[in-house]
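Below are two complexes that have chain A in common, paired first with chain B and then with chain C.
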Partner chain A sequence: MLRKASPYLFALPAVLVFAFTILVPIVMTFAFSFYDWNGYGEMRFIGLDNYDRALHDRIYLSSYTHIFIYIAATVVLEVLVGLGLAGLITMGRKGSSLFRVALFTPVMLPMIVVSFLWRFVYNSDFGLINTVLRAVGLDSWTQVWLGNPDTALLAICFVSGWVYAGFYMTIFYSGIQRISKDVYESAYLDGAHEGHIFFRIKVPMIRGLVKTGIMLCVLTGFQSFDLFYVMTNGGPYNSTEIVPTYLVKVVFSHMSTGYGSALAVILTLVIAALGLLANKLGRKGDALEY
Partner chain B sequence: MASLPTDLNHRLTSFDQGLTSAKRRKWRSHTLYYLVMVAISCGTFYPLIWLLLSSFRENRDIFMAPFALPEQLNFHNWAEAWRIGNMSTYAKNSVLVTSVTLICILLFASLAAFALSKLKFRGSGLLMLLFAFGLFMPLQSFFIAQSYIFEQLHLKDSYMGLILPYTGVGLPLAIFLLKAYLDSIPKDLMEAARMDGCGDFTLFSRIVLPLLMPSLATVGIFSALNTWNELLLAMLYIQTDALKTIPVGLLAFSSRYMTDYKLLFSALALITLPMIVVYVFFHRYIVAGLTEGAIK
Partner chain C sequence: MKKWITGSMALMVVGSVVAGCGNNEESGGEDKVLRIAMGSPGEAMIAVWEEIADEFESANPGVTVEYTFQDDDTYQTVGLPNLLSGNNAPDLYFEWAGERLYNRINDGFAADITTQLEESGLGDMFAEGSYNGMTVDGKTYMIPTAGDVTNVIFYNKQVFDELGIGEPQTWAEFLAACEAVKASGMTPITVGNLDLWTAGNWIGHLLSRVVGEDAYSNALQLEEPFQSDDFVQAYTLVQELWDRGYVNDNINAISDSESDMLFLNGQAAMHPIGSWLVPTALEEAPELEMGYFNLPTIEGGKGDQGSVIGVLNGMVVNAKSSMTDEAIAFMQLYSSDESSAKLSAAGAVPITTTGLDRDNTPELSIRLNDLLAEAPTVVAPPDTGYSIEVANALNTATSQVIGGAKSPADALKQLEETVAPLKK
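And now, the complex of A and B:
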């Protein structure tokens, strides 16, 4: 009897915690999204009105534009830069493992520390960037980097790249390390130089890993919150508003729990669709490799 | 030498020249390589060094000359930030929440991974599907209702209010990694133990858990750092200052002392330094833990 129940007993604690903290809230969020509700008062069923309102919410729609710009920029600044760095540290030069360990350091820092630190770096009065620009006589280039709608989003993307380029570099580094030495040796004998080896051998051999990296970058991009919240909190003029920062405002400042739930459901569906799409594309790509 | 044909002589000297120019080219490419790498590293580290240097200075000096070096290593700012900022409370809370969360994730996930990988039972496929679903769900898809539930159950403003969701968020990935590892262990080992009369629980504690140790380290590093750095839920669920973790504590501190730059710089340095020290000593495990945790 106990024997039969034991698998369930083993799985029980994990299932309980997971169900209580994640599954039930997801279902409830879905249910909330059909109500006009402020979180504590009376709930009024309004069908799909919240969704209709979401599709006409200019700020909400533009937050998707911002997140897609952010994701496109971080794919370049994190994944592609990381790939380039991985190429550099696998050239077999002495001391490259030191660079590898050093460039990973920002990943260790809490995002909140990174956000504050870069708020200072971008500070218009004593920030590093403006000080350097003034020092070299480019006064006209100085900006209120995070206060200008044209530069704020890109400034945040750059910080994200500063943190995660080293992370993707490390992932690709471990992939490149696994390539057999024979492949390089024959290439060197054929007189190939480093640039060739990078584009013709290293990158093609870790194509699968690069794809995984891009997918990871896209999916985690939707989850970013800390950087945006601390550096600009959506401003100036909503130019850096992303779904998570907007959700927090809608639900916890404007107390529109029902409407916020609808926004959350839409985001979840978008991410699920992208996940499925990536999964499908990934499978197709893998099938071609063999 | 004179007997050598001039042609060969000529060829020898050009061979010699070719060698030195190859050497020179190699030397040039090495120099260029190190110049580029050092430039990249400086670019990465300069903001951190600037943070550290500024934390020793006075507000006026930070404003006047951002790049200048501090006149002396003045730890007065640090002491003040630690005291005014309530840092010891925040640090204690972070240690407590992170360690309990970590224990829960590792224990619950290894139990579940064992059941899903080595014991056959009805509904295991469905469970895997649910956890796979959990892997992709962002925080935003559940935090609104979670906040409501926690409010109703009076879990807000308590350690449990953070430990529970952090465990729930960490479980799916932990279960996946541990199950993948257990799947690669041959069944024979388990069968042999069973023949010797091991029950499921003895099998788990005596054989599976020791085998899992290396994977538990990977999962542990990954989960611990995620928990340590989490901001959104901690910000929404904890209002009492005495219960705040480091990220929310820092947020509160910064809103109170937004213009006291030397204190903010000091607080940031105080939080950053221990992490860098940990990283320097355990970088091998941390790098492996974070990258493996992310890819799979």
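And now, the complex of A and C:
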């Protein structure tokens, strides 16, 4: 009897820890989403009302638009720029190792520090950008970067690119380093220049890495929080509101735990659907021929 | 995302259970325990509270004082309700007067202490105005500990003197003052509205002046619509401030402290903010000559044109506590002149009539203190007196109008849409 049970007993502590920290909260969140509940008081079952409200919530719906804009912008500013930088630093020119370190430095800074730093850079009174613009006589170009709904989101995307381009660059750099030197040599003999080598050799040969990079960028896009929270906290006028910042407001400021749970469940479904879609698309044409 | 939300919920539950167990064991002794809960007032103040507790314990053998200091935000949101519904609920707890206190009374967590206040003499230690928002139907439910004027308009005296401007009494004079400052090349008003409550407080006061306190309060409780001619009229005054370039152009991009610095560095002439600016100003810019004026009167406004926006707070005796007398005795000790002196030394502004050390407290703080105590009407700020969700929606509309992003009518229309699901 005991012999039969012993494997399960050994697994029990781990299963319990997993259940209490991950499984139960997930199930509970799902359950909470059907209630009108402030987190401590009486719970009132309201069926699908929370979901209905979410689908009509202007701020919640626009926060998806913002996150998709952010993701599209960061795929370009982080992954593609990172790819370009990786191509540049693998050209073997003098000083490329210095650039490698310099470009990677922002990744090592805590996001909170970066966010505050850039808030100063964007400050409209004494910030670096406006000061420089004024100094060169482009006064009319100065902006309240983080206070203007037209520029705030892009300003945040740019900071994200500034930080993570170095991260993707490092990944792609290591991939490119593994390409055999023979390939370059024969290409040079055939008269190829650096542009050819980048687009015809380096990029195709690390295509798998680039795909992973894009996937990573899209999925971590949904997790971004700190940058938005510190730089604008969703403002001005909810123009940089993303799902996580709105969730925090709903649950911890408005004390609508039930409604917040519904928002979280919907977010999970959206991410899962995107994951499945990406998985389907990714299956096609993985083979590389050259 | 959702994992950590529920995760922290679970933690909170576990936390309170564990805390509960701890307390149970302690109360197993012979001593009676007087439990006191509040948001953390800072180390210097905690030291004073501890000192008062020691004094109280030695004067009342057999009673132990036990404090719960929570993070301010936590206490204001989940913390206090959790404590109150827990096993070892506090006997005495910190609360804000007005709407929040009324909710506690309705939920049966606030004891009517009218007779105790009279008999002990504690009630006479405060001016009548200090009880604003603490009485219902002639019954008192709170012992005042402090008050904050959450918005007056501070101004740079030097700038006003140079330009020959006096303290504006009416809205028209206020606009004229703004125009004069703007003409001199300086930003007239600086507000740091990144977190929405700063302009929210100031304009909330203006709204109450124009639409009337009742309409303001009813709208925030969703009993009357925001979309009304009066609100549009009030917001039109706000829109004018932006259109004429009287407020800083980065109003919604900078935080309250950044805005404090702009004002204290002399980059803007006026700064609408709460009484807490005074100690900051004395520390950061001691040479700055600063004055203040209450929101100027608005012609044709339906509210009390002498109203002051502010919050009073104090300690509430839990209706479910068996230690009412001890709690009153404790507050008597806390409100004594000796304790007040210690509190003043730690940076607080005591609210008792005799506790305020008028020689050693900054003059501006005293005047602000008096302003609140003598106010004919005290208006509650949107975010402390009312549902935070409605307040946020109103403050968002305010930020849109004062930032020039939306017209008054559009902002109010969107506000109505935002609060629509809450009307149930």
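Some points to look at:
Keep in mind that, in the parts below, the second predicted complex is superposed on the first by the 267 of 290 C-alpha atoms of A that agree within 3 Å, B and C clash if a C-alpha of one lies under 4 Å from a C-alpha of the other, contacts with A are read in each partner's own complex, and residues count from 1 in each chain.
What we mean here is this: a residue touches a chain if its C-beta (ideal position, glycine included) is under 8 Å from a C-beta of that chain, and two chains touch if they have at least 3 such contacts.
In this text the structure is predicted, and so the values were computed from the model without any measurement.
When both complexes are overlaid on chain A, the residue A:Gly166 reaches chain B alone and has no touch with chain C. Judged by the touch definition given at the top, the superposed model places A:Gly260 against both chain B and chain C.
Contact with chain C, but none with chain B, is seen for A:Asn233 once the two complexes are overlaid on the shared chain.
Once the two complexes are laid over each other on the shared chain, residue contacts for A:Val144 go to chain C alone; chain B is not touched. Of the two partner chains, chain B is the only one touched by A:Ala102; chain C is not. By the document's definition of touching, of the two partners only chain B reaches A:Phe116; chain C does not. In the superposition on chain A, the chain among chain B and chain C reaching more residues of chain A is B. Legend: residue contacts after superposition of the two complexes on their common chain; A:Leu247 is shown touching both chain B and chain C. Residue contacts after overlaying the shared chain place A:Leu61 against neither chain B nor chain C.
Touch criterion not met for A:Leu48: it reaches neither chain B nor chain C. Counting contacts as defined above, chain A residues 20-22, 24-26, 28-29, 32, 39, 125, 222-223, 243-244, 247, 251-252, 257, 260-261, 264-265, 267-268 meet chain B in one complex and chain C in the other.
Residues 3, 6-8, 10-11, 13-15, 17-18, 20-29, 32, 39, 85, 88-89, 91, 93, 95-96, 99, 101-113, 116-118, 120-121, 125-128, 131, 162, 166-167, 170-171, 174, 209, 212, 216, 219, 222-223, 225-226, 229-230, 243-244, 247-248, 251-252, 257, 260-261, 264-265, 267-268, 271-272, 275 of chain A touch chain B in their complex. Considering their complex, residues 20-22, 24-26, 28-29, 32, 39-41, 53, 56-59, 122-125, 144-149, 152, 222-223, 232-233, 235-238, 243-244, 247, 249, 251-257, 260-261, 264-265, 267-268 of chain A touch chain C.
By the touch criterion stated above, chain C contacts chain A in their complex at residues 1-3, 5-7, 9-10, 77-78, 81-82, 85, 194-196, 249-254, 258, 262, 267, 388-389, 392, 396, 399-400, 403, 405-406, 414, 417-418, 421. Residues 30, 33-34, 36-37, 40-41, 44-48, 50-51, 54, 62-63, 66-67, 104, 107-109, 111-112, 114-116, 119-121, 124, 127, 130-131, 134, 136-149, 164-165, 167-169, 171-172, 175, 200-201, 204, 225, 228-229, 231-232, 236, 246-247, 250-251, 254, 261, 264-265, 268, 271-272, 275-276, 278-279, 283, 286-287, 290-291, 294-295 of chain B touch chain A in their complex.
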